[in-house]
Structure formats: C-alpha cells, structure tokens
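To start, I am sharing the structure in question, which I have written as structure tokens.
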Amino acid sequence: MDFSLTEEQVMLKDSVAKFLADNYAPEQREAIVKNEAGYSAEHWATFSELGWLTIPFSEADGGFGGNVADVSAVMEEFGQVLVVEPYWSSIVLAGQLIARSTNDDLKSRAMPTVISGEAQYSFAWLEAQSSFSLSHVSTTASKKGDSYHLSGEKKLVLNAKASHFIVAARSSGDVNSESGISLFVVDATNPALKIETVRLMDGQHACNIQFTDLVIDQADMLTQEGDAYPLIAEVVDEALVALCAEAVGAMTYLYKATAEYANTRKQFGVTIGSFQALQHRMVDMFMATEQCRSLLVRAQCAILDGSEERSQDVAVLKAMVGKYGRKIAEEAVQLHGGMGVTNEMPIGHYLKRLMMIDMYFGGSDIHRRRFSDMRYL
Amino acid sequence: MDFSLTEEQVMLKDSVAKFLADNYAPEQREAIVKNEAGYSAEHWATFSELGWLTIPFSEADGGFGGNVADVSAVMEEFGQVLVVEPYWSSIVLAGQLIARSTNDDLKSRAMPTVISGEAQYSFAWLEAQSSFSLSHVSTTASKKGDSYHLSGEKKLVLNAKASHFIVAARSSGDVNSESGISLFVVDATNPALKIETVRLMDGQHACNIQFTDLVIDQADMLTQEGDAYPLIAEVVDEALVALCAEAVGAMTYLYKATAEYANTRKQFGVTIGSFQALQHRMVDMFMATEQCRSLLVRAQCAILDGSEERSQDVAVLKAMVGKYGRKIAEEAVQLHGGMGVTNEMPIGHYLKRLMMIDMYFGGSDIHRRRFSDMRYL
Amino acid sequence: MHAKFSPEELAFQEEVRGFMRDNFTPDLAARIHHPKTFRDASVEWQKLLDGKGWAANGWPVEHGGTGWSATQKYIYTTELAAAGAPDVVPMGIKMVAPVLYSYGSEEQKARFLPITKSSDIWWCQGYSEPGAGSDLAALQTRAVRDGDDYIIDGTKIWTTFAQYADWIFCLVRTDNTGKPQQGISFLLIDMKSPGITVSPIISVDDEHHLNEVNFENVRVPVANRIGDENEGWTYAKALLTYERTALSGVGYCKRKLTHIRQLASQVSASGSRLIDDSDFRGRLADVEMEVMALEFLELRVLSAIDSGGAPGMESSLLKLKGTEMQQAVQSLQWDVAAGFGGISPDADDELWESDGNKARREYMFGRACTIFGGSNEVQRNIIAKFALGLQAR
Amino acid sequence: MHAKFSPEELAFQEEVRGFMRDNFTPDLAARIHHPKTFRDASVEWQKLLDGKGWAANGWPVEHGGTGWSATQKYIYTTELAAAGAPDVVPMGIKMVAPVLYSYGSEEQKARFLPITKSSDIWWCQGYSEPGAGSDLAALQTRAVRDGDDYIIDGTKIWTTFAQYADWIFCLVRTDNTGKPQQGISFLLIDMKSPGITVSPIISVDDEHHLNEVNFENVRVPVANRIGDENEGWTYAKALLTYERTALSGVGYCKRKLTHIRQLASQVSASGSRLIDDSDFRGRLADVEMEVMALEFLELRVLSAIDSGGAPGMESSLLKLKGTEMQQAVQSLQWDVAAGFGGISPDADDELWESDGNKARREYMFGRACTIFGGSNEVQRNIIAKFALGLQAR
C-alpha cells in the first residue's frame, strides 16, 4: 500500500503548476478561450515541447511510460486553472485507443503524430439516444470489399478542430450489444463528413458529425471487426479517472478560493469567513473534496493493481465527483455572492466546467446505477 | 379558501392545551407510560367527560359532528406532549370504521360504547409480509353457515388493552386484491385469540394476534362480504392526516424546545443559540415544520373539499412528515448535546415517537412511491 | 378549513384564463422571452394587463389596485404561470410603487404612480454597492445637499435592467454620523441626468441583465426625495419585505414542473421514458412534494395577510424556501433537457427557446435568486431572530 | 500508487483471520454483545488479544506495541470488523495509555501500562461536566492541594462504563486564575476512593452505558497526577486527537453494510427482495459510496502517519465524516430491520441480538457518536480554522 507520489510525479506536477501559474491566470485563460479553436495552439506546442503529450505512452511507443497516476497528476493541475487544450480528448482518451490498438500498422503510423501533438484524434462515440451507455452504437459499418461504409451521427465530439476522429460503428449485433462494435479512424477533412461546431458552455469547442456512406479502408480499423468494446471500456474507465482528477483539481481550487474570498470580503464590519454558518458550509466543501480525492486514489490503485473491482471504483468516483463537483461549485457561487454570478469572476466558469464533466460519459445518477448494478446482484 | 380555525376549534384546542399543561408534564407522562396498559385509564375517563371522544362522530350518532380539521386540532395538541392514551387508534381509526359501517345493527350496538370510551376498538390489519400495502390481506375468512372462520396473524395492533379488534380478513381474491376483504369485530376476550403484548419504543403497548378457526358471527361483519377496501382506504387516509397532525405538534415542540434550550445553555461564555451555524440549522427545523404544517392544511382541505387528489395529498403529507419528523428530531437531539441522548430529557421520546409515526402505515419512501405512482402515469 | 373556490371565484378564474388566452399570444411570448425584444414586449404586456386593470393588482384600490382577496391573487398568479406568462417586471409595480404610495408626497404619487402602472416609465433599483451587499446599511454613495439639489457620488451594482431604465430609485447616504442604518435617504433619480454611467455586467448565463451604475457629481432635486431625510432605511425595509413576498415563485415552479413532466414523459427511440426511471421519478417527487407544501405555505401567508396581518418574517420564509425550490426545479430541468442543446451559450434566435437552452440559462441565472433581494443567509438570520427568538452575538 | 498487499501482508491477513476464527467464538460474540455479560466478556476478549500480543497494537514497541505499518493496522481493523469482533474497549488502551506513555512518570508507566494492556484494570474517562461539554475547558471540578494529596470536589458526566471502572482519568481544575485552558491538571483516581458516587444515566436506547460521577472530598495522592500541575490541557488535547482517530468506524460501517445487504437480499414471501427496490438501492449505494471514500480517506491518513506525520486536523475530518456515516448506516439498518422486532425496548435475552433490536439500539445510541468525543460542531470549527484558515470571531 503506497499512496504517495513518486519523485518524478512531484517534479512533473511542479513543472505543470509553474507553467500554468505563468500562463493561465483568469485573464490569460479568457484570451485563450476566445481563440478560433477554443484553445491556444501555441500552448499545445509548448505542451509538446515539455513532453507532457508523451506521458501516458509506453517507452516502446516513444512515450514517457507513465500510468494513470501520472496522467492524473497532470490533469489535477489542469483542473486547478481549467486548461482548455485538448489534452484529455486527444492524449488520454483517443491516444490510448490508438496505443492499445491491435492494428500495429495503424498504430505505428498514428502514434508518432499523437505524441508529437501534430495530429489530434478525438473519440466520436456518443449518439443522440445512447443515454451514455458505452455499448449503445447505432452507427452502421457495412463491409464492402476491403472497406467499410459508415452511416450515422455522432454528438458532442470533443475538440472540433481535431485532425482525426475515431468513430465507433456497428457491423453486427443489436443496438446495445457489446459485440459487433468496431473503431474506425477517419480523417477530419474527409468530404463525406458533415461537421457542425458547437461551443460548449465550459469553453470547449465540440462538434456534431453526420455521415452517410463514409468509406473507410479496412486498414483504418483499430481492432478486429466487432471486437472493440473491451478496448473502449478499458480506455474509458482510465480516462474517466483522469477526468475526475481534473474535477478534483477544480474542486480544490473552489474551496480554497472561497475560503480566501471569505477571509477578505467584509460585511457587517467583519470578514464573512468569520460567520460560523458559512464556515461550516466551507468545511462541507472541503470534506466533499477530500472524499472525492480519496475515491480518486482508490480508483487509481484499482487500475494499477488490476483489481477486479476497477469498474466499480471508477463508477463510484464518477458518480461522487459529478454530484459533489456541482454541489461545491454551487456553494462557491453562493458564498461569493453577486461576484459569483458574473462571468468576470472565474468561479462561474468552474461551475460550468464541473457541470460538463458531470455530463461527459453520463452523469452522477447513471454511474451510481452502474455501481449498484455491479454490486447488488 | 379559508384556513383559519373556527371559534369552536380554537376553544377546543385551548381546552385540550390547558388540560395537558396541567396533567402532561414530562414527569407526569413518565408515570402515565408506566401504567400496566401503557396509558392512564383516569385520563381516558377525563377525555370522555370533556367530550373529546365524541368529536369526529356525527350528531346523529351521538357525536359532536366534527371533521378531520377538528380531530387534527386535538391531535396536534396531543403531539406537543406525546399523549399516549389510545385516542388515535380507538376514536380516529377504529371509531371511524364503525361510524361508517353499513351494518346498522352492529353500528348501533358499538357506537355508544366507543363514544363513551367504555369500549376501545383497535384496527388489526398489518401482517408480517404486507409491506404496509392496505390491500395486502392474507388472513382468511371462510363462510360456514351464518358465521365466518378466521385464520391468520396480525402484527403491531395498537392498544394491547383494546376491548375489541376489527380484523381485516379475506374471503376471496388474491393476496393483494382490493376486493374480497371484509372487516370483522372480534371481542378481545375471545379465547381463540393468542395475544402477545409488545411494548413499543414510543411508549405504546401494541400486540401481535394469532388465531386459527376463530368463529365470528356474520352479524359482526362491518360491511357486505368482500366490500371493505374502500371503507378502509377512506378511513385510513383521514386517520393518517390526524396522525400527521400529531407529528406536526411534536415537530413544533421540538423546534421550540431546541431554540429555548439553545437560548439558555451556555458554552464558551455565550449561549449556544448565538452560534450562527446552529441558528441556521434551527431555521431549517422550523422551515421543515412549516412545510409539513402547510401539507397538513392541504390534506385537510382536500378531504373536506372532497378533492379527487385527496389520496395524493395524504401520501405527500405522510411522506414528508415521516422524513422531516425524523430529521427534525435527530437535529433536536444533536443540538441538545449529551442531554439529548438521555431518557431523562423528553427530546429522545419525541424522536422515538416520530420514528414510530413514520413507520405506521408505511414509511416515507412508501408514501413517496404511492404519490409518484398516482401522479406520474 | 377549505381550499375550494366559490362560484364567483371560479368565474374569476375563467375570466383570467380567457384573458391570458386572448392576450398572451405565442408571438408575444416569444418576444418577451428573447433578450433582443424583451424590453418592448414587457412594456406591451404590462399595457395589456393595465388595460384590463390588473397590472397593479396589489396596490391599494385608490391608486388603481384591484382589491383582490388572497384567493383571487392566488388564482391570478396560478393562471398567469399556467399560461407561461411572466408577471410584470417588478421594479416599478412591486418595488418602488409600495414605497411611493406609502411614503411619497401627493405630488410624487401623482407624477409617478400612473406612469408606473401604465409602464410608461422603466424603473431600476439602486441598492447594493460593491462594499454593501448583504450588509446593505454599509452603503456609501454620498448625497450632499447643495441648495435645492443633492449632489450624488458613488457606485451602485447588480442593477437589473439599468440599461433600459428611465429612472432609478436609490438609497444614498445623507449623514455619516450615528449608526449605519441612520443617515440613509431614499431618492428617485432620472437616469438621463448628466454624470450617470451604466456599465454592463455579463452574468454566468452569458447574458446582460446586470449593471454597474456610476454617479459622478449627479444633481438630483431635493423634491425627488421620498419622505424625510435620513429616514430612507425605514422605507427601504418595508420595500424589502414586499420584494421578498414577490419572490416565492410557486407559480414558476409549478409551470416548470409541468414542463419537466412533459419532457420526461416523451418516449425515446429505445422506447423508454425518463419519467419511468426510478431515480429520476424519486427526485422529481421530492421536488414536487416540497412545491406542494410551498404552495400552501404561500396560501397560508396570503390568507393571513387577507385577515389583516402584514408580511413580516413569513416573507423571509417564502423567499428562502421559494428560491431553494426554484433552484431545485432548475437543476431537474437541466438534468432532463440539457442533453445536447443546453450546453452551448451560442444559441441563435431559433434555438433561444429550445428546451436545452432554457435549461442552461435558467439554471445559470437561477444561481442569483438565492443571493439577490437579501441573500438566503440573511433571511436565515432574520428567521432565527424573529421566529425563533435566537440572539445574535 | 497502489493498494495491493505484499506477500508478507497477505500472510499477516491470513494470520489475523485465523486468530479471529479460532478465538472470537460465537459464544464469546453473544456474551460480548449482551449488557449482562459485556464486562467480563470484554476482559476475556482483550486478554485473548493480549496473549497474541495484539491488544495494545498502537502503542510504542517498547511498551508492548506491535510496530505495525499503516497497512497492517488497516488489515487488522478490517479483519476484526469482518469477523464482527469489537475492538478493545478504548478508555484504557486507546485513551489513557497514550497520555501515560507520553507524559507519565516511569513509576506511573510501570504501574499502569501492563495492567491496562492485560485488561486487569478498567478505566473510565472523567472529562465532561454538566457545564462543560463542547466547551471542555470550562470544567470546574476542583482539586485543592492538601499535603501530598489533592481534595477533589465536583461532578463528571457522560462517563461511559463508570459502573465497571476500577480507575478514572480526570481533568480537574487546580488553578482558577488565567485562561480556562490554564490551571487544569490530569489525575488518575481510584474509583474505590471514599466520596465517589456513580449514578446511572439511562440513554435513549434504554440501556445503561452512561453515568454521572460525583466527587465529594475525594482524596487523591499527588503522585497520581500525570505530568506537571496546570498542564493537563496539553495532555488532554493530545489524548483527544488519539480518541478521534479511533472514531472513524470504517470497519463498523463496512460490517454493517454487509449485514444490511444480506438482510435486504432475503426473498420475502411475496417473492421480492428489498435490494431490488430502486429507492432502497439508491440510498444504499449513496451510503456505500461515501464509506468507500471514507475508507481511503482513512488509509491516506494512516499512510501519512506512517510517513512520519502526526494525527492533527485529519483526525477531526475522520471523526466528522466517520460518525456521519455510522449514523447513515444505522438509519439504513433501521429501515431494513426495524419492521417488527426493533420497535420494542423489552427484548429478552433471546431477542437481544435479533436484527430488529440491534437496529433499534444501534440507531438510538448511535445518536451519541456525533456528540461525544468532541461534538461534530466543534470538529467543524477545528477544520475551518486549521484546514481552511478561517478566522473565528
């Protein structure tokens, strides 16, 4: 049993924190979000230079050889300042789908461009009716000769400026079946794609994608036909841990910023932080953050230990982070008073981000249900 | 629309309050509870003298002609001091089953003894597996000639010293069917009854009853064979409103007693009532009580107006009173500190009573479900 | 004890329903809910209500009120909400008018009440300041006497719809000695006065409701002061009570719940309905039960006012629980509708009224309702003191 | 970052399991859970643990502790809870002993530590007073020096198991000047001393755990004082921290949750299981998820202590969340099991351990855990100050 960060992780966290302290103050972030892509290409290049994009990939693949704890350490720092660069979608989520692909040719083509940051892949899986169930795929893939014809619609695909999409499509099985799902790499410039950009309220630029008879070469399929579900489930579980690490970073920022504000803002001749009712509410914010941080450690251990309960632990983490993330952000807004409800203060942006994190891959209720379905047989 | 009490109701409330102020201080109540029957026969006689036992019965039946609002006014006062005499079980619940019986002979025999207080009827309906569903009756009634043979087991029958039980039994239909249920009046001295007294933690003496081939004359059946369900449902709805009035009385006592205690108990050189965190929690207790009181008014109006939504309104009342009654009592215990967890202080007794009220005829969850099943079709 | 309507009341209900049907048209509804057309549509709507004699229904009859009973007010509010129609913009009719008719001079009443009623003047409220939020009495905007004028200097903040306002009613400091509550005066100020600057504050729903209003050497006739100098706090307190009574929002909650039930009852492509999901059903029931209680809490308060009581601590209770329930309803609405439409603040005109966008902006701006109009923390303090007799430190 | 056990740790886990299986017999379990046999059975159980060298596992090795790592402590506690075995009665091993070995004289250590470890002395805690609960420093029990003795007068309250105790460790006032925290001394007092009266306090579970202890002219040798006169508060504070760390109760919660899952999984006559009821399932999951978090919160704290940190603010956090979860678990247990057995306080010996009776008495006495040992309100104040840096008024 060991929950401490390694020396390398501490150094990594420090270097991330230092960069963000210099480059991600609220005003700086506001300018970044206003970029056409919704993030700073310059920062992305810096992430690459600093080696952050290599973290979760094995040394054999040209990476740093980090694990979910290393990625989470970075993501937690990102959460503290609400980094908008597509690290999670491109490196943690799509990057891992490629890294664990059984299609070695494809992997060796794609991997270097992911690690260098030159290409940005994004996982296109959600559909209008899927209710965030990973196995719900109605997009079709029909084999014709050496290629597949894909038809369907994907929603809320992160990073509207991605260079490639990894599209989940079904060649067999019914709409909720775990078997029959394949993953196809699609160039974002493919003219058969109809891409509609949606600016999300957390500052991210996502897109909805439509396609009919989109022709993809068999060589661009990540696994054997119909075999992709276990890969998706494994990668998404790990990616959710990293996403929750971001949320824990944001929650940490919120309780600290609220306590700091309460210690300076005066009303009735005293700091509002001296009002006991507010103190106790801030303690609840702190305690909820610590509970979530504990679940983050738990889920990381479960993954690193190869525990059989890893999916349960991830579901619990996502459920609690979703619930408490919103709750803490709502409290932070309330305790900031009028300042909390303006776009001028960062607080509201944390609320928006935590609401979106709750929504990604299913909200608190859905993951609580997922947990209880696994636990109460 | 009119929510004010009538002059008569105000007088009634005042007279009840006056009697209880003189006779139901915590030490007096403690002595009463220690009586063999679990209540004071003397007080019961006084209730009769003061005319309280006549309140819900029509003038034609020799009663005062009161309605659910009159009964609730009395019950709310009872709740303030936790009266243990079997008013609710005998007058409000069983008494109304008799008063609304279609068996005129039986009614004219029984009614005068109920109103005088000489007889105490108690409704025996709950069974081990019924999960508080009113239509769940597995006790059987087989007709043989002019009589019925009853076999079964009834749980948690209030007032172990009742003179008569009104037993719900089934002559047809499956175990959850609304049709096929009849009500039989059984003399408590009937040797076929096996009665086991159970002292409940709220001070009430209840009993479990077993019987096999208990022979009851057809003349002692309250309605036509198999027709009793609508009567039961109607009477229980009204009785639950009165029970919730008692709970609202208890909740009112609790928030007031807690505020009073907090205003006198000193720690750290100041009254604990001056701590803002405690103040805000007491405000929540007060607000929850007022929400329940509002639902009490709502349910009373629904019954008196003959509203189609009366069962919905009663279910909501019972659900919220169950939930908030426990919550408020738990908070009252906590804010009384060590004193709250002793049997010497009355606070704990209110907690026990409110937990039992939550349990009677199904707890908070069950009534929330009942409400949503009626509302969300 | 009954909640039934009399035949007269039922007839009144029909009258209100008919009026809503005929006058609150889909076109007007669309315009009133869109920020670009909101101002003019609100004026139009209030003029329609005023034409019927209902705009200022809460006022005393002599000033154009309706003299409605509590039941009638309840019926009116319920039907308004059921039709999805907003109540009048409150700053004029509900906030400044009670102060005007209670404490204003005859000239002030004659000048301002009729145009307030007919919506020919748009008011805003100059109340909070950067350093005076919950602690309102700490306000520092100065009014210095200069002949028949005051000279005003200072900053007001969180001023709703100041960008549309013709006049602002303001609390200003006319005396710095004594307790903070003393030395405050209540002024009416023409927004066209030289020296007033209005700067927008964009709120978390990405919209422009709020403003900062700056006063630099603004000259205001002493005649525009309500009541006595240094007595403004007394008038303001009364106003606050009225404001809070207007804030329970039961009608809004009920309309939203109906909407949420409808959305949740839609059958999805996979044949399931959200309303059949036990978790959602339970959460919806929890909120509905609270709102059912709140509805009767409000009726009890209205009924007590009808019998001659004045809104006091009860208005704090209604504000507190009411705003909590509004937020609970907004959270539910978000959970039902946010899915794929509510997540973007870039909705074009067509999408403005989409379920998703409504869910987003109402949830977001709804965060403000527990902060403004006397924060819920302050309401709890008030209730602790006046309902429970708890001593402050 | 990993939570896996090493082969050595797995072997240790097996050893603990085996010990529990062999020693915590059903007979002992029944006796330890029944008030009539509780005292003797507790002594017997502690002696069994002591025989194995585990009774005082948290003590420094030189006094008979085990020197376990955080992981081993966790394994031990988990296996104890899984076996349904209680930890040792805390007053001796966990409360007075740390003060003894940290601040006691060599004579005091030699005299008391061995018999405390072997359970040949039963301790109780003389801490709270009628006027000093959360505000412990307000205590007024006087100790007046008279030669080599102190003369004690005063009243201690909420004294758990004083009816069984041989000795009491007490905070007494030896000086009235200065701040309340100053002038407090820490005394060990023989309960057989003339002038001590123990009166039972029946708690809301209808049982006798608590007592009031009266001191009238009780003579105590100065040699029984721990450390310096007037420095007792320093020692007490350290003790409080240890007490709280012992109070998270994760093991208890996990065992109860297993029990609740079992009860809820029973198939009723109508063929249904409570665990399939969506409302119950949701509430159970809510509690389980919090306990899963709490478990790792505790592990994080243990791990930090292992790396050389001292229990400080974190112990407040564990006490706070731990007791909240204990109560949440007790409420669930009530809802599952209360049905028809838990509602009577008259259970005879046979029914004592029935699910219903357990649910009643644990729920009822469980109300105390958020009050005693430093109320949760005080814990919140501590966390506000030390974790969040918030200023008190």
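By letter and in written order, the chains are A, B, C and D; residue numbering begins at 1 in each of them.
Please note the rule applied: contacts are C-beta pairs under 8 Å (C-beta built on N, C-alpha and C of every residue); 3 or more make two chains touch, one makes a residue touch a chain.
The model shown is predicted, which means the values in this text are computed figures rather than measured ones.
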Between A-D and A-C, the pair joined by more C-beta contacts: A-D
Chain at maximum distance from subunit B, centres defined as averaged CA atoms: A
Whole-Å separation of chain centres (CA-atom averages), subunit A against subunit C: 39
Whole-Å gap between the CA centroids of subunit B and subunit C: 42
Chain centre separation (subunit C, subunit D; CA means) in Å: 53
Residues of subunit D engaged with two or more neighbouring chains: 279, 282, 377, 380, 393
Residue numbers of subunit A (touch at least two other chains): 275-280, 368
Of subunit A, residues touching subunit B in the complex: 275-280
Subunit B residues touching subunit C - in the complex, by the definition given at the top: 1-5, 69, 255, 259, 262-263, 270-271, 273-276, 279-280, 282-283, 286-287, 290-295, 297-298, 300-302, 304-305, 307, 313, 316, 319-320, 368, 371-372, 375-376
Residues on subunit C engaged by subunit A in the complex (per definition of touch): 128, 131, 133-135, 138, 157-158, 201-204, 206, 210, 268-270, 279-280, 327, 334-335, 338, 340, 343-346, 360, 364-365, 367-368, 370-372, 375-377, 380
For the subunit A and subunit C complex, residues of the former touching the latter: 128-129, 131, 155-156, 175, 198-201, 208, 266-269, 272, 275, 277-278, 330, 333-334, 337-338, 340-344, 348, 351-352, 355-356, 359, 363, 365, 368-369
Subunit C residues within the subunit B interface of the complex: 1-5, 9, 70-71, 74, 261, 265, 275-276, 281-282, 284-286, 288-290, 292-297, 299-300, 303, 307, 317, 320-321, 377, 380-381, 383-384, 387-393
